[in-house]
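The next part holds the structures, each set out as structure tokens.
Two complexes follow with chain A in common, the first pairing it with chain B and the second with chain C.
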Partner chain A sequence: MTVSKFGRRGFVAGGLAMAGAAKLAAPALAQGQTRLNFYYPVAVGGPITKLIDTMCADFERENPSIKVQPIYTGSYQDTIAKTLTALKSNDFPHFAILLSTDMFTLIDEDVIVPFDDSDQAWIKSFYPAFMENSQAEGKTWGIPFQRSTIVQYWNKELFKEAGLNPDVPPKTWADQIEIAQKLTKRDASGNTSQWGMQIPSSGFPYWLFQALTTQNDVRLMNPEGTRTFFDDPKVVEALQYWMDLSMKHKVHPTGIVEWGTTPRDFFERKVAIMWTTTGNLTNVRTNAKFDFGVGMMPFGRRGGSPTGGGNFYVFKKANAAERAAATAFAKFVTQPERAAQWGIDTGYVAVTPAAFETQRMKDYVAGFPAAAVARDQLPLAWAELSTHDNQRVTKALNDGLQAGLTGAKSAQVAMAEAQREAQRLLRPFQR
Partner chain B sequence: MSDALAPRGLGRALETFGAWALAIFWVAPLLYCVWTAFHPPEYATKFVLWAPLSVENFVKAWNAAPFARYFLNTFALVTMVLAGQLVLVTLAAYAFARFEFIGRDIAFALVLVQLMIMPDVLLVENYLIMAQLGLVDTILGIGLPYFASAFGIFLLRQTFKGLPKELDDAARVEGAGVLVTLWRVYVPLARPTYIAFGLVSVSYHWNNFLWPLIVTNSVETRPLTVGLRVFTAIEQGVDWSVITAATLMSCGPLLIAFLLFQRQFIQSFMRAGIR
Partner chain C sequence: MSKARATIYGWLLLGPAFVLLAAFTHWPAIATLYHSFHSTARRNRPSVYVGLDNYQGMIDDPVFWQALINNFWYAVGTIPVSIGLALLMALWVNEKLAGRTWLRLAYFTPTVLPMIAVANIWLFFYTPDYGLFDQIRGLFGLRATNWLGEPGTVLGCLIVMTIWKEAGFFMIFYLAALQSMPPNLAEAAAIEGCGRWTFFRRVTFPLLMPTTLFVLVNAVIGAFRMVDHVVALTAGGPNNASMLLLVMIYDVAFRYWDVAYAATLTVVLLAILGTVALIQFVVLEKRIHYR
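Take a look at the complex of A and B:
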């Protein structure tokens, strides 16, 4: 993201933010330079590192007293491992982007501090769906940055071949089965050459599953992150629907569907409809050699999807000046113009409604309407599964889901067992 | 003269079959890797015998990350670690094998205890020490915790103990000092053990991922394994062609070295008693 791309409007907005940031960064100025280590979860060399480098350089230009050193730390999992290790030493990050769902873990580890909420206008400027995973105990612990949600992508050519209207994706759960049946092709010996749809289930099946539960109008956890509802009848029903897609209706590949290769299956026309993150938009746009559509998720009892992705966190080890400087940086990059440009460059959902009101974003959406789908779905979106002891609770659910999808257990049993395990893990937090 | 223990008839057929089956099982991922790396992405999951060959994947992979630098780092790392290990391990093993001193057995037991501990458990402690020494984000910082290899000390002590004491005595009679005896007698005779240990050490550090990731921050210090992570930005889906090309590039030097020195390696392993 270069300065020239921002034009005049960017500078004006930046100037206004500076007025606020200058006040916050005042102690830093008194001490001379403030140096910040910023852990960012991406591998070195990817296209995103260039954007982040530019962002840091722009920030330093407007805040000469602050130096931001971005450190690229691989995947989210690698990043949290590195962060928690480094925080125990004298060479540590002052702030970082980590999964929004790690909030409770980070609070329990006592390594993060809440954001200064004197600037309520800023805190309230984000989409409420993103803030669900960012606030707890009445405080704001995370600031949304690279956030995503799940949408459906469909191959318009295959829709046409099957005699379907290429501009209308499945709108309801019932619709979805019917349309997927028309899109599933089998050869004479009964082998499937083209599947109607696929929902990835490797790695983090709970996230995709949460789209189904959200659509079935049931939450997986309470906002305090101390209770889960995996054995709720509506949760079981959602899993049963997913299992039925492959086992009963035979429109979805059986067993575990790989997350990483699902886009490729889509490009190779092995599947007509896929569910995946909005973060894949740029990838699909570059690699799909056919006309494709991006749409809101179908409705069960309601519509919607979980949110996903990463938040800014500021660490307790940073001193007052460093915390203020890190907050100033988070403010700087979430201003509407910058948030809009970040969304356009990466495919992540711009985090504030104001970003969608910028001319830059309006022009982009006009040329590429798919970019607005995530925005339109956000009012229906719910927080991603996040609890205390999050990694293990999530694993309990993942194991249950995979047991169901591979046919090892019935939906009922799989979810009851997952709930029992989650309940056991969460008991210490249910004071 | 036929070996009485060599399997015959059905037994032999089964054994041959088993060996082939295991070999094919083992080499299959590598074959897939080579296939995918040398063909355009369309053929990543399709097998067409006459599919066009291409090196484009390698070009893409090479340009996606500063691989030359990563190679240099990895090379510097494994060389440094191995050099450090050889010196420390030789001296320690010699002391444990041939000298009587108070607390020797306890000290050796402590070294053996180290073998039982997974290095990953020590991540945090190691990081703390590296931070105190100011070695975070240096190649020395990646290697230092591995210099005193318990495995190496154990292995070499056993080898040294197995050498005839008479050779040692003969050297002494000729007027050789302690270190000269070590250098002229023990080290040359333990060559197979050194080769076997060197191979284990180099391949371990060539492949090590978690510790280098945690202790390094910049391109200037990161080894290949950490660099490879560029291609696993899982959010965007996986491009198998480029990943396999990058993987081949990363493990290529090791593979080639192994193929060239295969015979020596296997003999060393047999003699050193590592299986």
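Take a look at the complex of A and C:
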């Protein structure tokens, strides 16, 4: 089914392109046709596949000499697995969308090439927070495309019930404990029927933890991705704060909080405040049967959140013409108008300030102010944890965090052990 | 037919299966062994022979030991109970009772469902507060429990789900064996005045032994092979409390891209399964009567 669809589209597009080339008989013909395979993941709800198909068709219309074949490859995890495997064969992707944090892994695997940065205006057009995860060794390896951050969502009805101002979310860490205490409901036998807040900790707790460390004004790694600072006192302090929410203040569920069911806990009014990705905006908007607010993260020593999401990468196996064509595609879809439309359609944060200046985006934000929260938080945002041997280093931190949150280890010990493991893994890259 | 011709026929008949087995089972196993003695290739660092380094690293890796121990308890928890349950269900639905087709179907349903779908259903069962189990416990005034979020309960949760999933599948084999059992045995036993329990212990169960061996082999392999639900439910967390050997191999191979270490772990898995299969076939074989 899928194959026949691609086949037919390929045939029609090819025919059109040939007709166009014959008429123009321009450089396009001299170069011949450039065909690109484009792997992309789908990580959020909505008709992403259709949007990508349309985008590719639009691009081909403006660039008749290039043909882009978009290939849906599952989750981010599946996509990088398929990409790295396919690059060992003769039928490989020329460019792909992969996690921004996989940059060092892709460099170490020696499969990507940096973008041609002669067009500095384009490289500089993105939010700097997104570029932190896209540049290394003085080169630009990734172009931000589907990017997100963490924000807090709160249930305005529960705020009213608790006698709180429904329009004001927690603004500081101290505030947060106080407000969450008012929002936590217990019955006589000590059962909690409603939690004040929750921060998911299954799967990739490091990402949500990074919101806490960012707010505590401490970085988890150096920009070169060769060192981590998991045992920094401020990191330990951030973990202690998270642990205290459940163990000391009892405003947060104990143990590991499932990422996948957190939105549902929110819809079921089991929790009044949740931290999750901006990518859940559309989901919450559709399913919350109550008035909700979306706000910036509270301030510790500072505010902020890590960034997240995917970048474009161009592979080494592509030849010069194919690399140029892939770059042209990345440029095409990150134009302000297109970036704005993509943000509106998907809930991802538009990647350039210019996109927020377009009329289309201004109208959208006017009707749905929550869409601008992520943008307003971006000046405070930092890069997501990304190092060499990234998945393993991240796992060391995840294990430490879960050990702390389940009470198996103290914050101090858990982070010291995570740091020791990360240090062991990164030693070969520190030379 | 001449002897040469017979030989050719023999090889031709054997050929397809032999080629498939060699290409997809034996060759990968040998290649895995080869890779386990080499380092993983990285930028500027091609793969080299490292002897037993990968194995030394594995012995020093606490996550490996945790996965191994978890896998042991997972096997011990799932295999006997699911086989016992399967036998019990098979004996029951083999009786002449009303609606037994529906009953058989109901028992078999979990097997039909894809593992990922099952995991998502059970994710809801295990959800704290409004999940099915906590709602039932709530009726008795018991506290909400974070089933999948505590290291103490998470492995038990996976075991319960696996038993639910596997028992129906094994039941089908027992049912088939019971159906093919000649009724005159029961009649003869009845004439001799043999009780139901004695009949089961001395006749039915021994006759079911070949089935039990088959089911046992499958259950052991299943305990090491079924991991889809772990990925969907816990991804091995919290802090590796539900990490199983195959999940770890997947992580090492396709998330960390450490091919050499993944090969090393695979060799261990192969060795474990090979040994268990050998014990089962050699030791149990002697105690089984094939008709």
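Please note the rule applied: the second predicted complex is superposed on the first by the 398 of 431 C-alpha atoms of A that agree within 3 Å, B and C clash if a C-alpha of one lies under 4 Å from a C-alpha of the other, contacts with A are read in each partner's own complex, and residues count from 1 in each chain.
The rule we apply is simple: a contact is a pair of C-beta atoms (placed from the backbone, for glycine too) under 8 Å apart; a residue touches a chain by one contact, two chains touch by 3 or more.
Note that the coordinates shown come from a computational prediction; the quantities given were computed from them, not determined experimentally.
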{"item": "Simultaneous placement of chain C and chain B on chain A, clash or fit", "value": "clash"}
{"item": "First (chain B), second (chain C), both or neither touched by A:Arg420", "value": "neither"}
{"item": "Which of chain B and chain C A:Ile71 touches, first, second, both or neither", "value": "first"}
{"item": "Touched partner set for A:Ala81, first chain B, second chain C, both or neither", "value": "both"}
{"item": "Which of chain B and chain C A:Pro263 touches, first, second, both or neither", "value": "first"}
{"item": "Contacts of A:Asp91 with chain B and chain C, given as first, second, both or neither", "value": "first"}
{"item": "Partner chain in contact with A:Asn191 - chain B first, chain C second, else both or neither", "value": "second"}
{"item": "Which of chain B and chain C A:Gly203 touches, first, second, both or neither", "value": "both"}
{"item": "Touching partner for A:Arg227 - first (chain B), second (chain C), both, neither", "value": "neither"}
{"item": "First (chain B), second (chain C), both or neither touched by A:Thr277", "value": "first"}
{"item": "Superposition clash, chain C versus chain B, among 22-30, 40-48 or 274-282", "value": "22-30"}
{"item": "Common ground on chain A, meaning residues reached by chain C in one complex and by chain B in the other", "value": "81, 203, 260-261, 264, 268"}
{"item": "Partner chain A, residues of chain B touching it in the complex", "value": "42, 44-45, 64-66, 123-124, 127-128, 130-132, 136-137, 210, 213-214, 217-219, 222, 226-227, 229-240"}
{"item": "Residue ranges of chain C in contact with chain A within the complex", "value": "42-43, 123-124, 127-130, 138, 141, 143-144, 146, 148-151, 234-235, 237-240, 251, 254-258"}
{"item": "Complex interface listing, chain A residues touching chain B", "value": "37, 42-46, 71, 73-75, 78, 81-82, 85-86, 88-91, 148, 203, 259-264, 268, 276-277, 279-280, 282-283"}
{"item": "Touch list for chain A against partner chain C, complex", "value": "77, 81, 84, 105, 107-110, 189-193, 201-203, 253-258, 260-261, 264-265, 268, 270, 389, 391-392, 395, 398-400, 402-403, 405-406, 408"}
